[in-house]
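Okay, so subunit A shows up in both of these, paired with subunit B first and subunit C after.
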Partner chain A sequence: MTFFTMAVLAFVIIFILKEALPVFREVSLIEFIFGNEWMPVEGIGKGTHFGIFNFIAATVYVSFLAMLIAVSVGLGAAVYLSCVASSRARTFIYPFIDLLAGIPSVVYGFIGLNVLVRFFLKTGVHTGSCVLAAAIILSVMLLPYLVSSSSESLLKSRELYLKAGTALGVDKWYTIASVIIPASGKSLLRCMILAIGRAMGETMAVMMVIGNANLFPTLLGKSESIAAVIALEMGTAVNGSTHFHALYAAGLVLIVIMLAINFGVKNLIKKL
Partner chain B sequence: MKIKGLLIKLWAYMGIVIIFMVTVFFFAYIFLEGHSVISREFIFEAPSGMVLGSEGGIFPAITGSLAFTLTAVIIGSVPAVSTALYVVYFCKKSRMTELIHTVVQCFSGIPSIVLGLFSYSLFVRDLNFGRCILSGGIALGIMILPFIEVRAEKTFRELDPAMVRSAYALGCTKTHTIWTIVLPACRGELFSGIILGGCYAMGATAPMIFTGAVAYAGNPTSLFKPAMALPLHLYLLVAQGHTSLDMAYGTAFVMMAVILFSNILVTIYARRRHYTWNQQ
Partner chain C sequence: MESAIRTEDLCIVYGKKTVLQGITVDFPKNSITSIIGPSGCGKTTLLLSLDDMIREVPDAMVSGDVYIGKEKTSSMPQSELRRRVGLVFQTPVPFPFSVYDNLTYAPKYYGNRDRKNLDRIVREKLEMVGLYDEIKDDLWKSALKFSGGQQQRICIARALTADPDVLLLDEPCSALDIKSTSIIEETLKKLKEKYTIIIVTHNIAQARRLSDKVVFLKDGRLIEEGDAGTFFNSPEHPDTNDFLGGVYG
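Moving on to the complex of A and B:
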């Protein structure tokens, strides 16, 4: 059964690869990745273009922005959970955070659309949908993963160092700030990478608030992520057409980016 | 020195308060806006109206979602639990364990939309299943597999090794020990892992947009027919604009209620087991 599981994964990747490769017969790899014109269906005599640079940029931009917001809130909460809360409080708070993880992504998108986008509309952003809104919604989605995994690793270093710190007469909070957090830096980094992976693959919530326009991402402008392109256009792409294969290729690019970040950081952590 | 500590303190309290507020806000918002729509007709009738979904209910979407979730749970949990068992009890080489962990990690890294692409080209197109519950369920099953595997493996590793060792000492074979000691002892945790995985599958839209879920269908009768699903229904209602906004709140309400209910169930179950363990 284990080998079956392993085989399925290999199969998934091979399959995506097989479906993606035909696109490079018509579009060169460089053009595909660095081009920013996306015109899958022949328009007004302009021909078709397949360049996903804007989508890649949007995916990375939104994910990192979301990460930044999520870390600034989540790490604080993780510190609270691991160093302040009693174990009774923890058994109460963890399920609460799991609850946040259980909310379907469509509901996140729905709330984002009804609360955040309306808010941005009032503050004067055109149509309200923007990269910032997507990043905020995404950061809320990342919070539970970030908090539960990073509080676990903080808990470990707390057990190692907090008592020693207290015995030396150092203020508890100072110990946390200058010993415990730096000591678990590596594993915190690992938690962040896992969360980034999640952020990049997220489709629905981002798609519903980001505005879906092929533009280079700016903080308050519309944009479109790779996953959103696939979800929106798969239904209309003709089976076997270049457009169809291009969407698979976009999916492949998404996987490659995520795996690259994953393994890159893993090796980096090993070297540190 | 004092300031650094104070800042961290402030940060910690703010973080936890923000998380609390956000969670409460999400549930309160949906429940407040959605509760007025909920009625017996809404739950038990099919959607209707000039613009689909602006009248009527969501019953086919509920049953459809159930069908998808069940298929996904069956397809995902069996290989997940067996992989976890293999890694913990049968795998001797640490390199093999590492390889499996890497693969599982990659698995969980694959975006759900790409799993949808995979399932579309293989099952819907090449194997000619068409858009159906099975193709969607397989995509969802692959999606929740790593989720369940990680939890199951953690459960097996945390099981008191004394129990397993005593079983070996009494001359039980490995298989016998697993069936009679390990699995029953971990039943609760496995069960909650699978329930949470099911919730995850129920809420996912991306893998089934083009593999199994459709805008309108009757109650699911066969694995080889398409069905409606709650999250996709919600998405379509939202995409239609303001005519069906109330219904969208109602649909979100139902989904949030299911999530809340299963989470409470899992928490209570886990706590009760924890309690009985401590009493012994």
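Moving on to the complex of A and C:
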């Protein structure tokens, strides 16, 4: 099984590398990563440009903002489920959380369009589409993963340590904050890695509410994520063209960012 | 002998199942009392009712009273009760911190933040369980990295940091080897000079080695109690005789 997984991962990376590398015959790596002009088709008096810095920034910005929201809400929900709710309540609530995870992302996108984008439009945000809307909708999508996996590890720690704290006369919330949550720290970080991977790769819902404009991301401004630009343009890119290879290269960058975060957090966990 | 803690007509029901019926028993000060009896007789339930931890068990209903001296435990704030009655579990559960942080956890919660004072508490309690010389250079090492026996002694020391009058132990040696068991037994013998110790044990030989007093339960009822010598040498009740003779267990 491990060999199969490694083989699939190697295949994906080799395939993307093969399709991505030709773009660097025409665009330098530095220009591709740090350039902020993306003009895949020649305009009047203007050549093509393939700079994805704004897309990288938007992907990282939206994902981390979504994580920030999801972790704050999700950790609270996980603590409630593992340390406060009765086992009967847990049995009742868990299926709903699983159901949330099963909702297709396009449905979240619709909700984002109809609720969040309208709300931001009313509050004066031009067109309503913005990075914050994307981060909020993404955080809702991350919640079920964060809540179910982190409440599992918190529950294990609670079973171990809550009684020990209570037996010392220590307040339940003091034990939760000072022992149970720190004891689950590594597992919580692992849940976050999984969630951030999902956040960075999420396409449809983010694409529907972020505005899809090649702009440096600001909280209430439009922007465009790497996954969104690939999804929007892959259908129109001519097979074998620089544009086609540039989109693969953007995908490669996304994989590299995700792997870097993965290894970074895993190293951090080892040191903890 | 003056009693440190006693129960009066204590009854405990889990849902519809009666686990303890009308238990009236006292636990003398500065002595070791063993609670023994066959599996499911209510030993642990009786132990947990002494510091009210029984209320943490879902569906547990308690009637009757527990007294520390002349004070009813039901009228004491729970944190105060649990500070005065320490509890050590069957499986050692050190917090996933250093030994030092484990031992300063309760004192810090109770407002003791003075570093010198905390250092003194750590040293004093580890000495009480005979562990200081063994691990004095590893106080900042994770408590989880020590052997089972050492972890259990760390847990006993941690229970002592809240300055209890009574120390409850629920089969503290059941997961340990012979050597660790004997070290813990020696520790408990020393600790009884300062604390009242109540221990639940399955091990009759251990009860015989350790106890000053023995409480024998069967089917949630108190069958017999008395000083260890009389209890083991000339038990009054036929059920006690059968239990000690290994007819059931």
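Here is the rule we go by: the second predicted complex is superposed on the first by the 265 of 272 C-alpha atoms of A that agree within 3 Å, B and C clash if a C-alpha of one lies under 4 Å from a C-alpha of the other, contacts with A are read in each partner's own complex, and residues count from 1 in each chain.
Going forward, a residue touches a chain if its C-beta (ideal position, glycine included) is under 8 Å from a C-beta of that chain, and two chains touch if they have at least 3 such contacts.
This structure is a prediction, so every number in the text was calculated from the model and none was measured.
In the superposed model, A:Val8 makes contact with subunit B only, not with subunit C.
Look at A:Tyr174: by the touch rule set out above, it reaches both subunit B and subunit C.
Once the two complexes are overlaid on the shared chain, A:Met204 sits against subunit B while remaining clear of subunit C.
In the superposed model, A:Ser86 lies in contact with subunit C only, and not with subunit B.
Of the two partner chains, subunit C is the only one that A:Ala164 touches; subunit B does not reach it. Residue contacts after overlaying the shared chain place A:Ala183 against subunit C, while subunit B stays out of touching range. With both complexes placed on chain A, subunit A has more residues touched by B than by the other of subunit B and subunit C. Of the two partner chains placed by the overlay, only subunit B lies in contact with A:Ala227; subunit C stays clear of it. Comparing which residues of subunit A touch subunit B with which touch subunit C, the overlap comprises 171, 174, 178. Within the complex formed with subunit A, the residues of subunit C that make contact are 51, 53, 56, 58, 78-83, 86-87, 89, 93, 95-96, 105-106, 109, 155, 158-159, 162. Within the complex formed with subunit A, the subunit B residues making contact are 1-2, 4-9, 11-16, 18-20, 22-23, 26-27, 29-30, 78-80, 82-83, 86-87, 100, 103-118, 120-122, 125, 142, 145, 149, 196, 199-200, 202-206, 209-210, 230-232, 234-235, 238, 248, 252, 255-256, 259-260, 262-263, 266-267, 271. Taken together, the subunit A residues at the contact with subunit B in this complex read 1-2, 4-6, 8-9, 12, 15-16, 19, 73-81, 83-84, 91, 93, 95-100, 102-107, 109-111, 113, 115, 140, 143, 147, 171-174, 176-178, 181, 197, 200-204, 208, 227, 230-231, 234-235, 239, 247-248, 251, 254-255, 258-259, 262.
Of all residues in subunit A, only 86-87, 160-161, 163-164, 166-171, 174, 178-179, 182-183 touch subunit C in the complex they form.
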